[in-house]
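Below are structures written as structure tokens.
Next come two complexes built around chain A: one with chain B, the other with chain C.
Here is the complex of A and B:
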């Protein structure tokens, strides 16, 4: 039982990060009806941006700020203006393929200009342990979980409780109608991209101390978050959050109680089961095809 | 037109004659893990090779001929390694260098043997030299040499009665796991948990939870460098305080760099370390750091030694003869006094296995500290 608590806390901490990344899939889907196959690499890159700033002699806190700002510019503004906008004119499929190319380009660029080897990355959560229900639980797991949950709550409140959030949702649901009723649709779409860039930068900050900074680290994260988004519901932010937490926990429990060798297969099985019995995901809503 | 042809022929003849007079370069081929999961292994190996070649060429080369190496990337993938080795062998190198991963060595060594080309590699899986391949040579101890020392240390020094074994599910990891568990049986040490993990695995939370649940007296970790660092961080995160023991990859410089404080206290047997209390090794470390601006792990030493193995063997033959190379290296003892690049006295047996000093090290405040020097067996 006590072992189960350790597994749950660790699984939720990892799952919360998956959730941050999965939300990005959802946001882009809602605004442009496409999938960003470079989302995992979007999590990988900010860590290297921060490392580059630190290598230039800046302290960690300044590197974090610089990393987030650079992520907003490159992965938010730049991604929208230089890739999504031009490619979306040609349809959703060319854009999806372009994001695959972007993923490869980002990985190779980091490998070429930084290193193919893993690099250590400092943690914003201090090392140490706390005692919960008689068990020693790592402060880092709790910190990652708390930070990720705080961001998710903040995002949910932004979307549901603020005027900007309502405008973003209106834009996602029907941009034409939103434009007619005076919503600055372009600005809302841009905001969505910036939020995604912020989320991936935060996910990068939280997960890289554990996974280490490596050019290929986005592959694992991108795949886990993609599964999480589908399991939770691709068109619902709350679905992506639930999916992320679920995948994190299921992955850990499977590794402990089923087999470490087959742990990667368990989320895939879950994905197949969900697609078969609830194609819209656990919390997603069915999308009707228009003709 | 005809005069142009003859002029060209003359020029080519003169150039070729001049090249033979100086000695055409001796071609070496290296296939290593320059990217992928074994990038740390491959890049250290490559840098060690380049450093040795630079030194030897600066002093006039081997028997008056320069060494020339081509590096190919196996991408840490045995399938790619096999293709790269085939390509390298097509160019008829004097000696084949690498790969570092046992799985890649396993699939490439038959190719080199078939071509009659000596392969000097970094793999440590016990089985590699057990199959009678006369062209395969190690730069480091095989598991059959190192694991008995590790098991003895766990029994004699740690007094452990039960040990959790964590291994990476590939030829390297499985080979090590099989040998160490057999050795544990000799000492009646119980395997409290037998955990297979995947190469490139990022999250070790569940594995460490299992270790905690098994409550062993010690943990034996046999993973590649990056995964070693990740599990050390997770062990610290989950407050596992029993001794952590490994072999070479657990206590490498890269692991220390990646794991930070979490590496402190980890112990391991290493065949090669830049912290060895050996003057020639210290000098190598200085040269390497000066050239590459970082401290190499044992793979840097392996690459460096591989080149000096080639030099010493060729000097012994007195000629560059790829076909006789392996025969000459079998049973050869290279003394550091006569060939300083070999760093320590070393002997190669009939299987291509190596005999020399080994070291038991512990990570103390982020640095490898040699606790014991284990002498050369013969």
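Here is the complex of A and C:
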């Protein structure tokens, strides 16, 4: 039990990042039935955008702003206009496959234009340890956790307390009815894409200092975020948050207590069990099947 | 047009088959390897096409079945057993696992099912990597022998290519028969509307499981060819990306079309090779090509053809109608 606290904090920190990525994923699904298989690569790219700006000689804070703006343009606006809009009316599967191709393309582009090697990435949280309850906990984990929680709370407030949030939820629940009662559905859908782009840029900023910037780093992350979204509830933002935290903690505990070899299997088994017994996810609501 | 069209189609088919036999004769070792890989991947994609295109179930586990078949072949043939025995084991094993994996498909649909099968894919990969006693873990199994077929050794690339091509032909014929049998029609009914299929008296449970099991078994068949083709296997080729690639092949070729997997595998296996002259950019161009194709025609390559033919048919029909109408009008 000695290092349980460390494991929990580290698990919650990675889990919070998974939650950020998973929330964007569920938002896209809710408003536009987009399953983005490139979500992991969406997290990988902003780090490289920021690195590129830094290589051009800009300071870190400027690189962060430029990275977020570029991410909004490319991964938000560009993704929606160039790939999702032309394909949306053709159903879920072709679009999902197209995002798989997008993932390959993004990975290869970064490998080709930037580097195949892992690059270090500066952290926005200072290194060091603090002691809590007599235990030494890494400051980085705490900082990441705090920032991610702040963003998640901000997002929940946006969705539940503001008019724009209500309009977005209405769009997510039933676009036709939302349009009738005067919600600018198109603008709301665009907004979810921009929010997703912002969230992945932020996740990139938080996770890259821990795992280095590498062209292939999106694979594991994307998969973890998908599992988090499914486990928590595919059609619920709070489900994605809960799922993200759960997967982060379970993953860390499994690595410590089960076996390092089969650590990746533990979240998978959790996923299968949950899907079989509660297909809508822990906090999700069932989707009606159409005949 | 119909009779002519039929002859043309048969002529085209024969021409393609002859080309597949004759043209590679002066290919180098690498070219033959790529073509053999195309044949093997087509078999795996055909299996997935049955599960996805005909029974409408998204599976992200086909790569894992290829892996199971490949490991069955590698382990058994390096122990001196014949490949045909490994093929039998692979088919039985994959059929059984596919059947079990079909059960979640009865409960959950679409993306949920995709993720159950994705989880299975990951588990299979972990078993390949971690069970050293069976699979030699990350070191892999080398020196996989190529089989003797009817007394002919297939050690050299060309005979082995013919072996792969022959296997593809056998599987294609079996598939052709299957989708035209009552079973195949039941699969299509299932895909189009599960509830209506049920009301027509189709045992949807059994056919869903069957589509999964047969599709998976074909993945196993592809695997037993893959192992002697590369003569060395380790867990890496059978990770999730193979399953994703196979899914892409089916959709890009045209899911639910008999020849979809042939074209899809051609795009996925051969196009990156043809683009190799662009050096580091080839996978990027490949990804862009796939995206553009899907934007232009979400039903894949054969979807374009299908649309074109349908358009011609409508035009022909409306021309006939116009003729008939004018005759009616000119008639006294």
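Here is the rule we go by: the second predicted complex is superposed on the first by the 289 of 291 C-alpha atoms of A that agree within 3 Å, B and C clash if a C-alpha of one lies under 4 Å from a C-alpha of the other, contacts with A are read in each partner's own complex, and residues count from 1 in each chain.
To be clear about the criterion, a contact is a pair of C-beta atoms (placed from the backbone, for glycine too) under 8 Å apart; a residue touches a chain by one contact, two chains touch by 3 or more.
The shown structure was predicted, so the numbers you read here are calculated from the model rather than taken from an experiment.
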item	value
Joint occupancy of chain A by chain B and chain C, clash or fit	fit
Angle at chain A between chain B and chain C, C-alpha centres, nearest 10 degrees	70
Which of chain B and chain C A:227 touches, first, second, both or neither	second
Contacts of A:111 with chain B and chain C, given as first, second, both or neither	both
Touched partner set for A:131, first chain B, second chain C, both or neither	neither
Partner chain(s) touched by A:264 [first = chain B, second = chain C, both, neither]	both
Chain B versus chain C as contact partner of A:10, first or second or both or neither	first
Partner chain in contact with A:98 - chain B first, chain C second, else both or neither	second
Partner chain in contact with A:86 - chain B first, chain C second, else both or neither	second
Touching partner for A:275 - first (chain B), second (chain C), both, neither	second
Which superposed partner A:176 touches (first chain B, second chain C, both, neither)	neither
Closest approach of chain C to chain B (Cα atoms, Å)	5
Touching both chain C and chain B, counted on chain A across the two superposed complexes	111, 261, 264
Complex contacts: residues of chain B adjacent to chain A	34-36, 39-40, 43, 169, 195-198, 200, 202-203, 205-207, 209-210, 212-213, 226, 229-230, 233-234, 236-239, 254, 257-261
Touch list for chain A against partner chain B, complex	3, 6-7, 10-11, 14, 111, 115-120, 127, 129, 136, 138, 140-141, 209-212, 214, 216-217, 220, 251-256, 260-261, 263-264
Interface residues, chain A side, partner chain C - complex	35, 37, 83, 86-87, 90-95, 97-98, 100-102, 104-105, 108-109, 111-112, 223, 226-227, 230, 234, 261-262, 264-265, 268-269, 271-272, 275-276, 279, 289, 291
Residue ranges of chain C touching chain A (in the complex, touch as defined)	58, 104, 107-112, 115-116, 118-120, 122-123, 126, 129-130, 193, 195, 240, 244, 247-248, 251-252, 255, 280-281, 283-284, 286-288, 290-291, 294-295, 298-299
